[in-house]
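Let me begin by presenting the structure, written as structure tokens, before commenting on it.
Order of writing sets the chain letters: A, B, C and D. Residues in each chain are counted from 1.
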Amino acid sequence: MTSGPVWAENDQPLKENWAPSEWGADDKVGAVNRTTPTMVLSAAKLVKQGKVATLGKVYQQDMPLYGSRGWRMTIPGLPTYSPIGEQEAVANDEYLAAEIGQVGTQFDGPGHFGVLTSKGHFFYNGRYLEDDDITGYGMGSLGVEHVARVGFVCRGVLLDAVTYRGGRLPIPISQSMDDPGIITAKDVETMIRKQGIDPIREGDCLFLYTGHGDIWHPSMWDTYNAAEKQKRIAEFNAGGPGFGLSACEYLVSRKIILWGGDTAATEAVGRDWGGENAQPFECHIKMMTRSGIWNLENLDLSQLVADKTYEFLFAWSPLKIKGGTGSPGNPIAIY
Amino acid sequence: MTSGPVWAENDQPLKENWAPSEWGADDKVGAVNRTTPTMVLSAAKLVKQGKVATLGKVYQQDMPLYGSRGWRMTIPGLPTYSPIGEQEAVANDEYLAAEIGQVGTQFDGPGHFGVLTSKGHFFYNGRYLEDDDITGYGMGSLGVEHVARVGFVCRGVLLDAVTYRGGRLPIPISQSMDDPGIITAKDVETMIRKQGIDPIREGDCLFLYTGHGDIWHPSMWDTYNAAEKQKRIAEFNAGGPGFGLSACEYLVSRKIILWGGDTAATEAVGRDWGGENAQPFECHIKMMTRSGIWNLENLDLSQLVADKTYEFLFAWSPLKIKGGTGSPGNPIAIY
Amino acid sequence: MTSGPVWAENDQPLKENWAPSEWGADDKVGAVNRTTPTMVLSAAKLVKQGKVATLGKVYQQDMPLYGSRGWRMTIPGLPTYSPIGEQEAVANDEYLAAEIGQVGTQFDGPGHFGVLTSKGHFFYNGRYLEDDDITGYGMGSLGVEHVARVGFVCRGVLLDAVTYRGGRLPIPISQSMDDPGIITAKDVETMIRKQGIDPIREGDCLFLYTGHGDIWHPSMWDTYNAAEKQKRIAEFNAGGPGFGLSACEYLVSRKIILWGGDTAATEAVGRDWGGENAQPFECHIKMMTRSGIWNLENLDLSQLVADKTYEFLFAWSPLKIKGGTGSPGNPIAIY
Amino acid sequence: MTSGPVWAENDQPLKENWAPSEWGADDKVGAVNRTTPTMVLSAAKLVKQGKVATLGKVYQQDMPLYGSRGWRMTIPGLPTYSPIGEQEAVANDEYLAAEIGQVGTQFDGPGHFGVLTSKGHFFYNGRYLEDDDITGYGMGSLGVEHVARVGFVCRGVLLDAVTYRGGRLPIPISQSMDDPGIITAKDVETMIRKQGIDPIREGDCLFLYTGHGDIWHPSMWDTYNAAEKQKRIAEFNAGGPGFGLSACEYLVSRKIILWGGDTAATEAVGRDWGGENAQPFECHIKMMTRSGIWNLENLDLSQLVADKTYEFLFAWSPLKIKGGTGSPGNPIAIY
């Protein structure tokens, strides 16, 4: 027999007073609170060529999926509805079963990531999974619909780490700041300078291109056969380059409102981490659970990279999924 | 025993040569082809106050749903993932089963609506459900991912029929142009003039506010009890005011690229239609199957209406759901 | 901020040493361990007329469902598979999303019911939801597949409480032994005697007919219109007559291996319970969590009742759903 | 543009008058009509040792699945229901999305298999997919619930082809009667004689053990690692030994009521079939579409084989899934 539930002694969120957040105990949306009309007007001025990029990847059954998540879609009937009226109109629906907010291009909302403490499962702004409004049918006050009512309209900033590093970043094998798969605070500043764009400022939405996402290639995926797909899924899921802790602390200090990239986590996830000093998903905790800066993963940044477009108007909102932990997405960049 | 499959004799799409479309036999996206950089730049100039509205409704199990469509969401585990690492990070997913592209705020793509003919089930640009690439697992060339690669960035135009008619429009009871639930071509022109906005032009995205969508109220829905919700669902689903055929023909002639509104069909759907002259969903056929102008239904237009904002930058793309008939959405209006 | 997780102080399972069970700490199946070849041979002798009854109800979307459980089925494609071979064979599948083990005729396995204690969520034989093998993807050692490997072949005994009480039993309004919706230990003994069958003995499978299940009538359901179905669902779900605590204690003492009936809980569930002395689902706890006697609910007993068949060979096993909490079923009675 | 729907010219079902069936034009259940009380009494007499075998395989996400069928199960909440009452009772459900009737141990009912003809998609007893009662939400008159109301109680007969052939049967590479993966009519008769059991007679349920099912081993599956499972799934799905056409014609002539086995099709499915003479799934058509003898696939016959039990009381019914094409199962053998 077990000796009973073992609660964490890691009370960092409690000791450090992560709650209430700077937007008050009732806040349900986090850093997107920072957006002002002035920021929106400023971002709209980035539209200069009249070009549009859609940043979502294609959702399909054989895409890379984390753990046992799934995506199954069928068309009932084909046609779903029998002919009606004189014109004999017919119509189709699609029926989907999926971890809808956590597959493919995916947005991590307030209910996705937290930390176990001695007082329960701590989430953004001091909410706990043990709270009465949070059940197996939805995340209550942590639901993504609250953020989705606000939406993200911001200056989008693209950091092109592939150009910066001279090639696709590898999956990290250590937590050393020198690991070529890790992007540090200094790397961020250097890329900003080299790419010739204004410093990161409050209200920005920041995206990182590592090249790792090209293993699951946005446009070539369906040209691979099943075996090639399997191989690529295994490599894509083995970990991912991305922001290290120093970069995340820096981004928090710059008061951005959204981070994202072309990998499944945006932060660095090592191939062989797990040793004594491992802090898996530390950026997730610092950025999201503590600071309310949500994360938009598995983006298709290829058009922006090809166009060397590093600043743009970013316009997108998650779906208003009541009680959802996240959302699928196909964000719009205009430039 | 049946006498065998009865095929339609209504060969309108064949007789009228609805295919190939004006964008060629290979086209998979329709009217969004019309968008030019000039149009995008022009639309961006509509951002004057720095305000943002999110136009999607909340997705939840007890929202109004058509026919036997469904929305079921659960949270596996709560937390879904056990604590990992020193910080004991935990995380949640949501698992959804739903007609994902045809519930709530919903986009009708090329695979949603067609017409039965003697040669098979005819869809946009002469594709047939009988084609080899279209199966019970996805719509092949009719899939919504093709449109979603392009996206909609356009001048959004809102027609406020509630102000125009002096109150919520009723569900039509006839197909008469005089039925107060039907919006005609002339009504469209009058509203444009009275609202003081530029005429409808090529590349516009046009949205109709009828008030019918307030039966399923965007912000008050969860204040109703179960019985009140049931009653409102019945009324919401009983039909809906909207564009009549003359308006749709007019909109096609104006070369808009998207139509939508606060009802489940955008076009008028009568309470007691079905008689000899009934042409159910005729606008769906004319706008979508014939003309490739897709439809975005069940929008929350309340903020735009309250702000009397009739022109805005509309920025949104459906999800790239491989083989999907449509998409959920939470579009962005910036003004 | 919450004051942290509140754990139960009701440590009945710990104080009363409900674990290990009488079949050892490793046991995963409970009372079905009692079945011997002699019992099976004896049960087979009850087959005298060569008649068969199937005891499951029809699974369909508009059946009564508890809470937010669901049942959605679609046919992908219709046909799902395109013609193959010279004979142009075609085939269909059905795609289902449902709380598969807890809808309609449903079997409660070891992972379905437990009690919160100071040491965690206590389940049969001292397993806890906090155990490592139990996750949001399956019940591990509590999974129904372990019981399903054994199966139930037993003397089926039917108690006809409708004949005994002179009509359909009402939903109880109190916990009084005199409430006409409650069946007591004495009632059980009296029914056995009046129905002229042998006393309940070790290894029996015992079923109770209350008439409440006829609100969701096994054969007439689809003759009702939607409004009638809604009304009946509300009444069916409002509670149910059934065994009271004395009956359950008696059945445990008689060492039966399965209990079931024509209601959603088999035990009495009151219409207005919840007061100071309420012990909701006390029989569930005593029979299942403590004693490993599983429960088969929402049976169609109508043919057995019509035939006045009170003893029969019962042959059925749950599905081997790895990690499932329960199972759907359509048990066989032979007599 | 396609030249329109191409209908089959193979009108075998029409030319041969496969409908109405011998049980009349209204019949929805097929050969199970043959069961008589005498047969049931006779079958019950086969219970001699008091032993029970459960014949279903374990349903789990990583089992072999045909095509794009799936099995996804999650536990909402864990516990799904918060503590209620003084005893703080808690409970769990499982939520499943699956091709429920066509995965794992699976029963093919009347709506599963048919043939394309010039008059539409022909199914058992002259029903067509084009019939009004058959939609993307259910198979109407072809639904499995009709068979499930009757159920299968019969003499179970096990043919042990592994002992007969001296080892696991290979996947056929030809349609030659001499291919070691094919069981002929003569093989059936020889096995019956060698195994020392009574000739096949009307009302029997006949099961074939080929050893192919042990690639997906009933008890060892979870001892394999992921790579080993992948390899075995590929081999299991590559085809399967089983009955050839002569055997099926013979079984029809013997008037059995159910056929099944340890493979995914029961009939032989070749590794490299598809040439000029290929008749894929010809037995499916002859046994089911024409003769109403349904098929129970992917059985776990290991206990019966180990016990050399070739005759037994078989008792099982599919689930009453309204409009389902098939059913999962865990049949009971008693001997």
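Annotations for the structure displayed:
Following the convention adopted for this analysis, contacts are C-beta pairs under 8 Å (C-beta built on N, C-alpha and C of every residue); 3 or more make two chains touch, one makes a residue touch a chain.
Note that the structure is a prediction, hence the values are computed from the model and not measured.
Where touching is counted per the definition, the chains common to subunit A and subunit D are B, C. Set against one another, B-D and A-B show the most C-beta pairs in contact at A-B.
Interface note: subunit B and subunit C, two copies of one sequence, contact each other through mostly matching residue numbers (shared numbers exceed half of all numbers used). A separation of 43 Å divides the Cα centre of subunit B from that of subunit D.
Between the Cα centres of subunit A and subunit B there is a gap of 27 Å. The multi-chain contact residues of subunit A, meaning those touching 2 or more other chains, are 61, 68, 72, 74-79, 81, 95, 97, 135-137. Touching subunit D in their complex are the following residues of subunit A: 61, 68, 70, 72, 75-82, 97, 132, 135-137.
Here subunit D touches subunit B in the complex through residues 1-7, 19-20, 25, 68, 72, 74-78, 95, 97, 118-120, 126, 128, 130-131, 137, going by the rule given at the top. Within the complex formed with subunit C, the residues of subunit D that make contact are 8, 10, 12, 35-41, 44, 47-52, 54, 56-61, 67, 69, 73-75, 78-79, 81, 83-102, 111-116, 121, 129, 134-139, 145, 148-151, 153, 278-282, 284-285, 313, 315-326, 328-330, 332, 334.
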